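Before I ask anything, here is the structure I am working with.
By letter and in written order, the chains are A, B, C, D and E; residue numbering begins at 1 in each of them.
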Amino acid sequence: ANIDFWYGNTGAVETAIKAQCDAFNAAQSEHKITCIGQGSYEILMQKAIASYRAKNAPVLLQVLDAGTLDMMLSDAVVPVQDELPDVKWGSYIAGARAYYETSKGKLFAQPYNASTLLFYTNKTELEKAGIAKTPETWEDVIDAARKLKAAGSTCPFVTNGEPWIVFEQFSARHGLPIASKHNGYDGLDAEYVFNTTLAAKHMVNLAEWRSEGLVRLAADTKSGNLNTAFTSGECAMLESSSGSYTTYTKAFEGKYELSVGMAPMYKGHERHNTFVGGASLYIMKGHGKEEVEGAKAFLDFVRRPEQQMSFAAATGYVPVTNDVLDAIGKSGESNSPKYATAAIGIVSMSEPATPDTRGIRLGAYIQFRQIWTEETQKAFAGQQTMQVAFDNAKKRGDELLRRFQQTYKGVALP
Amino acid sequence: MSSESSVFSNRWLPALLVAPLVLLVMLFFYVPIFQAFYWSFFLERPFGGGSEFVGWDNFLRVFADPEFWKASWRTLIFMAIGSSLSVLVPLILAIAADRKIRLSLPARNVLVWPKGIAGVSIGLVFSFIFNPFVGVLAPLNSLVPGIWNPNFDGFDAWVALIAAHVWGGIPFNFVVLLAGLRAVPHTIYQAAAMDGAGPWRRIFDVQLPLIMPQLFVTLLLEFTESVTSAFSLIDTITKGGPGGATTLLVYKIFQDGFSSYDLSGASTQTAILMVFVLAIATAQFALLGRRISYER
Amino acid sequence: MVENARSANIVANLVLLAGIAYILVPLYLALTTASHSYPFMLQNGLVWSFGDQFLVNVTRIFTETSIPVQMANSLVVAVGSAAATCVLSFLSAYAVVYFRIRWAGPVFALILATVMLPLDVRFITTYQVASNVFSPLNAVLDATGLNELIADVFGAPGALQWSILDTRFGLIVPILAHGMGTFLFRQFFMTLPKDLFKAARMDGAGPIRFMVDILLPLSRTTFASLFILIFLTGWTQYLWPLVATSTPDMQTAIVGLAKLVPEETAVPDYPLLMAGAILVSTVPVLMIAFMQRYLTRGLVLSEK
Amino acid sequence: MNAINPAIHVAAASIRLGGVTKSYGRLTVIPRLDVEFRAGEFTVVLGPSGCGKSTLMQMIAGLERVGGGRIVIGEREVQDLEPKERGCAMVFQNYALYPHMTVFDNIAYSLRIAGVTKGERRTRVELVARMLGLTDYLGRKPSQLSGGQRQRVAIGRAIVREPAVLLFDEPLSNLDAQLRHDTRVELAELHRRIGATTVFVTHDQVEAMTLADRILILNKGEIEQYDTPKAIYHNPASVFVAKFIGSPPMNILAVSGDGSVLRLSDGRAIAKCGLKGDFQLGIRPEDVAVDHTGAASALKAHVRYREDLGSHSILAADLAGATVRIITPFGSEAPERSELLLSFPLQRLHLFDAMTGKAIPGAFGAATKDQK
Amino acid sequence: MNAINPAIHVAAASIRLGGVTKSYGRLTVIPRLDVEFRAGEFTVVLGPSGCGKSTLMQMIAGLERVGGGRIVIGEREVQDLEPKERGCAMVFQNYALYPHMTVFDNIAYSLRIAGVTKGERRTRVELVARMLGLTDYLGRKPSQLSGGQRQRVAIGRAIVREPAVLLFDEPLSNLDAQLRHDTRVELAELHRRIGATTVFVTHDQVEAMTLADRILILNKGEIEQYDTPKAIYHNPASVFVAKFIGSPPMNILAVSGDGSVLRLSDGRAIAKCGLKGDFQLGIRPEDVAVDHTGAASALKAHVRYREDLGSHSILAADLAGATVRIITPFGSEAPERSELLLSFPLQRLHLFDAMTGKAIPGAFGAATKDQK
């Protein structure tokens, strides 16, 4: 059947997605997939909503991690595990599954472009400042930053202050709850709690370190941009998506040496898994059997190890099934830089989990991210303290949650 | 045109002639407006399937939301500053271009160009020009580090936004105001000169009073349009930031509706915005409209 | 103007100079930027001198982006909406002005009110309508209970479905729901001597002949200025094509241009962006430069 | 300019209006009008602005519906017919030429609509063009023509259909004096040749006097007088007409009669007359004689000012509190601010009722004062 | 209308233009002008459209810079001064009132700019308003006034500053005939009382003849004649002037002289004259006499048409291929299309050079033909 697939990425990822679609169409003749980019995750979602209401939604839909709850409650999608009961869903690493499965363990969407947070340093600069070992804790990071600063660096550590980096992944690996009810997995009546956890303290620290000149916001740097600040050599350390790895290696080539590791912890805290980032694929309701077959075939296709490998190689996203890791191991290229993040990313996502590190299942979460960013930006600009920013964000976030709860009154969380 | 002698008396033909436009206007103007008001009394689930009548709940919630008030307040400020500047700047230019000087002709052409340049392009160009690190003001930063950073400082972001907004608003207002000035009979200027009024005095005693109708129209349209026209600029220059400093109401509606799938909330705010725009327009008419119509 | 007050002329010249600079400097900087390479821009930032990469950047726009296709879309949308607006406005203004109909006033008010609330304010619900143009009809059928009847007769309720999203047609029609053109034509018709109408009637012309033989040829300039105005609107609009289209091949050049700005991963490739912005602006700016007369006429008339 | 050839001659038709009324909303423009424009005659309609001249024309043309009454053109009752069915043609004040059409197309347009074949159209337009001296301009647009030429195109457009009735609504008022004069002469000629029943609205007295077979003077939608120019000038039916025609207008003096003489308000006798009561006495400025002989009947008047127009002078003199204007023939002069003796020839006097303003015929003996 | 009270009287100043020139780009509007407007005189400037009348006024007023030469008002050389420093006031054709100001403010504006105190302003505006009968309208906006009232406001605005020079640029051309006549009379009165040197531009001959102490006739920026109205009418310095003044204008016939008589193109002798060569012979329509006696010197002419204006008729007759217009006095009539005998009284004839059009004085004996 002819089927439509909507995705939101642009740039290199879009190229890779299109390549997969072409490959799929070339590989078989039964189905023909049309892959349609919508320009961004947010717009994609809005369009999916409208088209679903207008009864002409695509059968396959890519939705970003933060939209998971909306999809689960939408009554507009069929859980992939129901449509494809025979797939060995267990082969997905737990960290990637948890975000997209129900509290009872049923996978709603098939993880697709998965990423996680990693820690990168400009090894060359660090060594110049006399730092031999890649920092692993925030204390190490700050020590290193001090040394770098002493050695003349204007930007030892850089961050763009985005919530998924400095807040969500931070909370996850430190095992901290973001909201009650296990980040909402246990009910729509969850409330935000992050303002009382170490996450809040961490933000306060970041703000202080910034005024000390140890940490810079991307907006403070010459380029104003996170990745460029790092690739240009201006900044020596950062936390960033596994997907950025290829960008860095290419930029560093011949100039600097890159080190990549797991994102730093505060001393004395047990490391837990980081969340899976990126997006996953949903099968939408309202389509004929034929089309669903086509959708299933495409899902099967992209799950294949070789597809995941080439996608990972092209984009820096992390392959998320165990068989792919095996395949990489067998390919003899496991040390190739194009798979470097795959290994470490999977390790990071596979650290011990708690009920609070499965993922985030909170309503209107994308809007909440905006609120969070707004409030913390104000704090960085000195208009309020970081704690006030967090308290405000909690308050406004809770309102969103209540509103969401009211909207889905009478709907049970799957 | 009501006189019998200058109209046809067919009955169905005119209905047939207006029908296509009226249909389109109904479908794409009144139905959406109706829908926005309708939704604002319901709690809509994004994917449908559940729609609950909640009365004034949405409004109460929106009115209780400090962010809504902040965005409205910003919208008002933008209207006040942005609109007055985008009328004032073209006004000054028009008064200058109305004189018989050599630059007048090229100016009349060049000043209209921005009309052809999309908000997005303007936004891109200005976001580059105002880039704190590579833009025109970058030297400022090397003198006093951090003095100029629209990515970080709300005030700077506003400066950038308004500079771009005024830039894009010049053509329309310039042309309208210049036309108004040119419509003033030359002899009135001459009379004023004979009465002893110098060029400066003439601006305030003769020119400004006489182009009141044009000023009124430009201000009216600026006010109603500044509510919305800033969208593409915000989306390309500031994305509503930093810290929400440039999140005007339209942008907030866009965010609420398009990234939070909060159809009811967005509709409610849209409805409020519509009422607000209409109220502004009506108020302007009531306050200014009556006073400025004198025949020449 | 009246007497040659030197001081006033000097000030006026300075003001105009500043105004022209205000308009031109950004454009000039866009040009210089577009003439450099990305790495050069990263190193040197904004420069006032020209480089030699302009053609390269333009070539990249042609080879690496969908902007050329999208410019074709923009052209279709701009020309389509301008032409359709001209026709619809002309017809409706004709009906309102030249017929004795009691509802002329209300209908004109209904049409003119559209000027007050731009598409950008109502795009969310407009989007809903565009996703199914028949939805209002369906709603009426539902509300009136007609649908139950239909369901009884045909076995299924009448639920017509027609989405115009992601089509060029869908980009055009919401622009048409605007009263400016009707207003312009109406104003123009009112300036025509009534005797012209009478003369045509004496000559035996009926409504259609009068419209085609007399009014249409006389409205040429109004057509021209309205066409340009709507063309520019159609070409430069952003929010609606942003939401109403999905596939890059359906998007307009302005949306494509905005999409060239990377989400968050790198310093935007400003040289490429500026090359794109320049390319995208050439059509409308050339149009203005050459047909400025009509544009100004349109802008002016629309206000009186 | 004298390019008129005899070529088109139509069968003129009379126009009869019977009890025609017209109101716009609550404003009654024409209370009730009964009048006949005789076939082939040139009638000038004269009246102050807003008196209903254009309304009258448009009702005849069919551009304006009658409020009531009948309009009969020739033998047909036309008040319910469309304009094109009435056999009228109209020339408008600003010509109302189609600016986008050439002269040829302007003239041919009505023929085109009527479905006249191309060849026939050409023949007829060329005939008209030759008649009006427009042959060389057929390819031009109206904007490339002078006022007078435009005027002729408008006439051409009207006569090409060979209408039985030609209506002109102030067709000359946009021309300058010289052109106006020339066109006026041409129009007279044209009418003589074509012979269509012509109704011509104007504000200009010279036009009215020189063009008309008959003048219809309207006042607030009612007929003040309908007669030949000569009769209107020399026997005005009312003070309104008397003051409306003539430049400067007729002098009107308030007088009262004691049965033997009429006296001015200061008691001086001005004319013999057997009537008693209050009257208005009229005399045209050119009829007041300056008396050099010192006749006893002459009245002393004080000259207020004098305007010398070269060909003649106008004296304004105070007479019993009223201003009397006197046209003194070329050559005679009275020093300003002097005293004058004026005599009022009996056969040149007009007497009007003081209340109604209606003329009182035969007040001074003869029933008419027609000059020869 | 006769609301003029003597109240303001100014010290008039003469205006002398010495070698004044003016060009717009390549278009030379005034090649070189030397003229003096005497203090207190009322000068009417007359000339065809585009001849530079407005330009002349504006140079005097200071609204337009002179190309070269000097302008002296009173004793001061003013060509480089600002308008307000010249002591001139101007009344514009369309009045150019400030539409947004009341009548009071319009009149008071120049005083306000000059820094006159509020009380003083009120006094002077009220004086002027009383003088012009505007007292009741001081609170109105110009749009609420009639044409004549606006005219008076414009005059009020001009005279409130008590200017030594009053300039009028076609101030009456927007008024209707009646109002025009009244305002003309008022203006004459006003000038008599105020006494300011007045320069008045018009297209209207009647205005020129009746208002002027002197008439300046301009043609393409050059002086055709500058003299009293009487002299201009009766002794035109050129064909241009002769044809420009008079309605209908002077008849001009091509003649050639053989040393004893002037002959028409068909060889008939028309007048005795000792000059040889080709000439243009002029005679005013009212000077052509219709000969009833059958004198030998009379010339036979064919009447083309006749226009009866009530007070007099105009005959147009063919004479040697040219049209001669004759004003026949009231009462006399010649049937149309008949033959007439015309006689041309020698003392009424004007002779002009065939080439230059300049008058040849004394061609028929007397040097001037001034009538008394």
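We take it that a residue touches a chain if its C-beta (ideal position, glycine included) is under 8 Å from a C-beta of that chain, and two chains touch if they have at least 3 such contacts.
Just so we're on the same page, UniProt names per chain: B = sn-glycerol-3-phosphate transport system permease protein UgpA; C = sn-glycerol-3-phosphate transport system permease protein UgpE; D, E = ABC transporter ATP-binding protein.
Just so it is clear, the model here is predicted, and its values are computed rather than measured.
**Student:** What chains, if any, are shared contacts of chain C and chain E?
**Tutor:** Chains that touch both chain C and chain E, as defined above, are B, D.
**Student:** Going only through chains that touch each other, how many steps at minimum separate chain C from chain D?
**Tutor:** So the least number of steps between the two chains is 1.
**Student:** Name the two chains that are joined by the greatest number of C-beta pairs in contact.
**Tutor:** Of all chain pairs, the one joined by the most C-beta contacts is B-C.
**Student:** At what distance in angstrom does the C-alpha mean of chain C lie from that of chain A?
**Tutor:** Here the centre of chain C sits 39 Å away from the centre of chain A.
**Student:** Using mean CA coordinates as chain centres, what's the gap between chain D and chain E in Å?
**Tutor:** 29
**Student:** How many angstrom lie between the CA centroids of chain A and chain E, rounded to a whole number?
**Tutor:** So the centre of chain A lies 93 Å away from the centre of chain E.
**Student:** Which chain C residues touch at least two other chains?
**Tutor:** Residues 2-3, 128, 198, 243, 255.
**Student:** Would you please write down the residue numbers of chain A that are in contact with two or more other chains?
**Tutor:** Those would be 43, 46, 53, 223-224.
**Student:** Name the residues of chain E that each touch 2 or more other chains.
**Tutor:** 62-63, 82-83
**Student:** Can you check the complex and tell me which residues of chain B touch chain E?
**Tutor:** Spelled out, the residues of chain B in touch with chain E are 185, 187-188, 190-197, 201, 205-206, 209-210, 212, 294-296.
**Student:** Note which residues of chain B are touching chain C in the complex, please.
**Tutor:** Its residues touching chain C are 1-11, 13-15, 17-18, 20-22, 24-25, 27-33, 35-36, 39, 89, 92-93, 95-104, 106-122, 124-126, 128-129, 131, 133-136, 138, 167, 170-172, 175-176, 179, 186, 189-190, 192-193, 198-200, 202, 214, 217-218, 224-225, 227-229, 231-232, 235-236, 250, 253-254, 257-258, 263, 266-267, 270, 273-274, 277-278, 281.
**Student:** Where on chain E does chain D make contact in their complex?
**Tutor:** Residues 177, 181, 185, 188, 205-206, 209-210, 229-230, 233-234, 245-248, 284-286, 305, 307-312, 316, 327, 329-331, 333, 371-372 of chain E touch chain D in their complex.
**Student:** Show me the residue ranges of chain E that touch chain B in the complex, using the header's touch definition.
**Tutor:** Residue positions touching the partner: 58, 61-63, 82-84, 88-90, 92-94, 96-100, 109-110, 113-114, 141, 143, 157-158.
**Student:** For the complex, give me every residue of chain C touching chain D.
**Tutor:** Residues 193, 195-196, 198-205, 209, 213-214, 217-218, 220 of chain C touch chain D in their complex.
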